[in-house]
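First subunit A sits with subunit B, and in the next complex the same chain sits with subunit C.
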Partner chain A sequence: MRPLTDDETKVLFEKLTKYIGRNIVHLIDRPDEPYCFRLQKDRVYYVSEDIMRKATAIKRQNLISLGVCFGKFTKTGKFRLHITALPYLAQYAKFKVWVKPNGEMPFLYGNHVVKAHIGRVTEDIPEHQGVVIYNMADVPLGFGVSARSTVDMRKIDPTGIAVFHQADNGEYLREEDTLF
Partner chain B sequence: MDVTGILDEHKSRFKSVQVDRLIPPEIDLGMLASFDINMINDAKLKANQNTRDTYLKELSREGAQLLINEIFSLPTTVDDDGIYASLPKATTVLPREKPVPKEKLLTRWEKFAKIKNIQKRKKSRMAFDEEQGEWRPRYGFKGINNDDQKPWLIEVPGNADPYADQYQARRQEKKERVEKNKRRQQRNAEEGVATEKGLKPQEMRKRELQKALVMSKGSTASLGKFDEKLKGEPKIKGLKRKFDPLVSTVDKEKSKNMDILNRVAKKESSATVLNVRKAQRAINNSKRKQK
Partner chain C sequence: MGRRAKNKQDVPLPIELDKTHEGKVTKALHDKLKHEAIRSRKQKENAQRQKNSRTDKAANSNKEQGKRKNIAPVEDNSIVEKKSKKTKVVEVESDQMVLDAPDDGWDNAPLESDSENDDDDDDSIDEFDSAEEELPSNISDVSDAPTRNALDLLSDDSDDEDGIEGGIESYDEFDTDEDADEGVTFRDMEKRSKMLDSMREEDEEMAELERLEAGGAAEGERELFALPTLEQVEAEKEAPLDLQQVQLRIQETIRVLNNFAELRSPQSSRNDYMDQLKRDLCHYYGYNEFLMDKLLQLFTVGEAVEFFEANEVARPVTIRTNTLKTRRRDLAQALINRSVNLDPIGKWTKVGLTIFDSPVPVGATPEYMAGHYMIQAASSFLPVIALAPQENEKVLDMSAAPGGKTTYCSALMKNTGLVVANDANKDRERALVANIHRLGITNALVCNYDGREFPKVMGGFDRVLLDAPCSGTGVISKDASVKINKSQDDFSMLTNLQKELILSAIDSVNADSATGGYIVYSTCSVTVEEDEAVVDYALRKRPNIKLVSTGLDFGRPGFTGFRGRTFHSSLSLTRRFYPHTHNMDGFFVAKFKKMSNKIQTGENEFTVPTGSGVKLKQKKKKRGN
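So, the complex of A and B:
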């Protein structure tokens, strides 16, 4: 376990701003308890300072997980968000897409969101922007990248892809062994 | 008259020239040294000081006696000053003080000459200058290859520009020859260094280049921290990564993260284009409020 370097922090923040914009501030500067980002075996964990201090007593090889896993750095140095980061993304998301009940299951099985399944959309989503996907009862299901801007979304046919799938709650089952 | 008594007395005053040793000691006359490998009497050596001293003295005397016996058996020459024994060459091999000098590395030409079996022939220092009709050095001061001894007339070659300066061309040619030779000298030296290190010359050159790259990257005010990465830039080996302490003060880490966030957010906001619809809506809203 170690703190992120400047470069790594930059890559992480660049990815997070795609979903929550400047709301990262609320992750860094929390009123309740100090939280920090820590790297352990290529994975970035968002963890309270208190738990992090306790985890320092554990050998690096033996430490499996701590706090909330936000994602991992690939071998090429890019950052990939995991579904485990969803609670924080959903809380501060800038752009949201609500899917109809008939579109919930297809998405939770790892498919892209087609236009026919979209119930509601935040206005002014640009193209290729990170969006968080909810069901109509406002339960976050996952996140993805907008395939079209909100305006263009209206023009495409019902079977056209509106949001590219990135992660969904189904991964808790599908990728149980590699997720954390 | 019986003189045996007197002789015995005389004899007892001097020690015997005969020395008995179980293993005959090695004697190196060239070095005037004798090496005795017989066992030392341990009991005498560990006894009181007096016994030890006399024992050691006796031992060394006997060694010296043997050496002197050998010297007297050498052929001698008689001179006005006295009698001289000529010593043979030393047989003891002493270790070298300095390391064995390295074999000089062959230049490219020397390697080639070796393969082709080209012998180096000695040229005389002086050469006959036919134009002047005198012997002059091949090179150097007043040498025949010097430009100060240039011919008063040069024939213009058939295909050359008649107005070109042939003297200039001559000078230029020589300059180029010298340059070329210098380059080859340099190359030979570089290759020599590389082979001494057990590397291929190309590998060596690559390493040198990388070293220079690292040096130049670290020569900015920020020690290369904010430098753009070159395309295909090799990863610097041997540099130790340095991380922040795992547990530091909360504020420090927070402020650092904020700095980075500000930088990222600035870049992000400058990258996004003006959203016309949003702008229109904002204007409309403000107008409605004014009403």
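So, the complex of A and C:
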């Protein structure tokens, strides 16, 4: 377990900014407790400093997880957000897409969101921007990348892809072996 | 008829039964039906035999009717057999057949000797009414397979005692189907109800008579039941008897054991009967002799059989609401909208729900994936309820995977403080981490140590939960392999491990904690070696702890003595849970309070123990003291 290097921090924050924009400061400056990012076996964990300090007692090879895993660094140095980051992304998301009940399961099975399934959508999503997907009851389901801007979304046909799938809650079941 | 008093044993596992019968024809249900079909066939034979013997008796008392009676059983036999081949659809017709068939006089005939035809007509009407009365008690009777209807299915395990009368009672069963056909008008209501009253009285008298008679018959018959000889036992090893006969013999043996003084055969000792019973139970339920011995020591024979029966049935699926993300009412509503049939588990928990049946897999609904609930056995709520973690505490879960209890702790602590989830098995930790993340737990720290290393890795916890690895004798319904693959070696290995773990757990707790200082020890095993003996060992080794009430207002108190061993008297504060009484997995919960961190070893001498002193890397060796 170690703090992130400057490069790693930059890559991570760039990624997060795509989803939560300037709200990223809320992750760092929390009113309740100081939180920090820690790297453990190429996974990035977001954890309160108190827990982090207590975790220093545990050997590196015995430490499996602490706090919330945000994602992992790939071998090429890119950062990949995992579905486990969803609670925080959902809390601070700038761009949101709500899917209708009939689109819920297709998305949770790992499919892209097609236009026909969209119930509501934030007004000003640009193209290729990170969006968080909710169902109509405001339960976050996952996140993805907008395939079109909101304006263009209106023009595509109902089967056209509106949001590219990146991660969804179904991965807890499908990817349990590789995710953790 | 009128056997209400006799049938006063509670129908076991009502919740479970509801569930299985509302659900689809699952494999479990299918197996069970098969099982019951076999059983009822056995009972039919049994009943037939009983009837024959009774008929003979009646013949003696009533010579005039003797002739008819000797013929009757034969006819009955053929009818019953015929019926058993028929399907349910033609049941009503066959009922009629039985009514028209010679009434062998179990209801009224022996008292009257009118011409047979009149007799039959009267009886058939009377019987409708009495059958209506009898319905509740019939529920707990096991009847012939073809008459099995939805109500009968409820009867499940109640066969042991009144199986013998099953065949006779089945007449009532036939009649119940036709009740609806009889028109009930307001005018004759009063007359009918009077008739019912008189019928009931008559029934009771009859029942009394029959009871006496049955007692006599049973005793008479006992003389006939003898244990198989040694040669027979040897022969059975070569060619095992079929299960029906074995079950019959189990019943007989239990009956003898329950009234040993009167019913025993003079040549056989109690041990002979017990040995035979043990062999039969092993054969019938498929346990190995070692485990059978252990379990028979734990229960009376009757209860042991209930326990074995309960182990053949799966416990209901239960879920726990994740209070960090939702409320139970909202979750229940969401699931009901998916046509899931559910109910709260019981009064003792505010977060549990029992799933009776569900058209969708409960482990793959969007709510599950969003972390709104956790599939968790009802029994594994208990240690966490007993632990009662408070906000901002530091809690250790020593063997945490797959995380049901850990996440419950976190939920109770509202994601504050710290929960250290440890498990010795790295593969199982994957599921643990997945569940922690899915349920939105942020205060968890997951590590992979042998629990016995604990006070050295990290100590000073406010509360420690030790759900010790165990033989799993409480969860045989989940994992039937326990029945055969456990031996003395496994038990000594496990109890040894449990004793080391409990010392580690105790030493990891900070007794000076303002809010805590508690340890909860739990196992999913029912054997005394793994439960009371381990707790007793801990009490002796660590005088700085004491047992406190678990805060669970149900469950049976733990044993304070067992087969000549006496445990600390406070062991009655621990709680045991059994599948056949509580409809949850067999479970044991004990809660300790640590009084001080130091142990006085002599005058002005104190030690602070740090675990059981096992050297883990080397061969296991205990510190001598």
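To be clear about the criterion, the second predicted complex is superposed on the first by the 180 of 180 C-alpha atoms of A that agree within 3 Å, B and C clash if a C-alpha of one lies under 4 Å from a C-alpha of the other, contacts with A are read in each partner's own complex, and residues count from 1 in each chain.
The rule is simple: a residue touches a chain if its C-beta (ideal position, glycine included) is under 8 Å from a C-beta of that chain, and two chains touch if they have at least 3 such contacts.
Bear in mind that the values here come from a model prediction, so they are computed numbers and not experimental data.
J.: Scan A:L108 for contacts with subunit B and subunit C and give back first, second, both or neither.
T.: second
J.: Taking the superposition as given, does A:N62 touch the first partner, subunit B, the second, subunit C, both, or neither?
T.: In the superposition, A:N62 touches subunit C alone.
J.: Now for A:E14: first (subunit B), second (subunit C), both, or neither, which partner does it touch?
T.: In the superposition, A:E14 touches subunit B alone.
J.: Examine A:C36 and indicate which partner it touches, taking first as subunit B and second as subunit C; both and neither are also allowed.
T.: first
J.: Determine, under the contact definition given at the top, whether A:M153 touches first (subunit B), second (subunit C), both, or neither.
T.: neither
J.: Going by the contact rule set out at the top, does A:I51 touch subunit B (first), subunit C (second), both, or neither?
T.: second
J.: Looking at A:P140, would you say it contacts subunit B, subunit C, both, or neither? Reply first, second, both or neither.
T.: In the superposed model, A:P140 contacts subunit C only, not subunit B.
J.: Touching A:G170 in the superposition: subunit B (first), subunit C (second), both, neither?
T.: Once the two structures are laid over each other on A, A:G170 reaches subunit C alone.
J.: Overlap the subunit B and subunit C contact sets on subunit A and report the shared residues.
T.: none
J.: Please give the residue numbers of subunit B that touch subunit A in the complex, ascending.
T.: Subunit B reaches subunit A through residues 241, 243-248, 250, 253-254, 256-258, 260-261, 263-265, 268, 272, 275, 277-278.
J.: Could you please specify the touching residues of subunit A with respect to subunit C in the complex?
T.: Touching subunit C from subunit A are residues 47-48, 50-51, 54-55, 57-58, 62-69, 84, 87, 104-105, 108, 135, 139-141, 169-170, 172-173, 176-177, 179-180.
J.: Enumerate the contact residues on subunit C facing subunit A in the complex.
T.: Touching subunit A from subunit C are residues 363-364, 366, 369-371, 394, 418, 426, 429-434, 436-438, 440, 442-449, 457-458.
J.: What does subunit A use to touch subunit B in their complex?
T.: 1-3, 5-6, 9-10, 13-14, 17, 21-22, 24-25, 28-29, 34, 36-38, 49, 52-53, 56, 124, 126, 151
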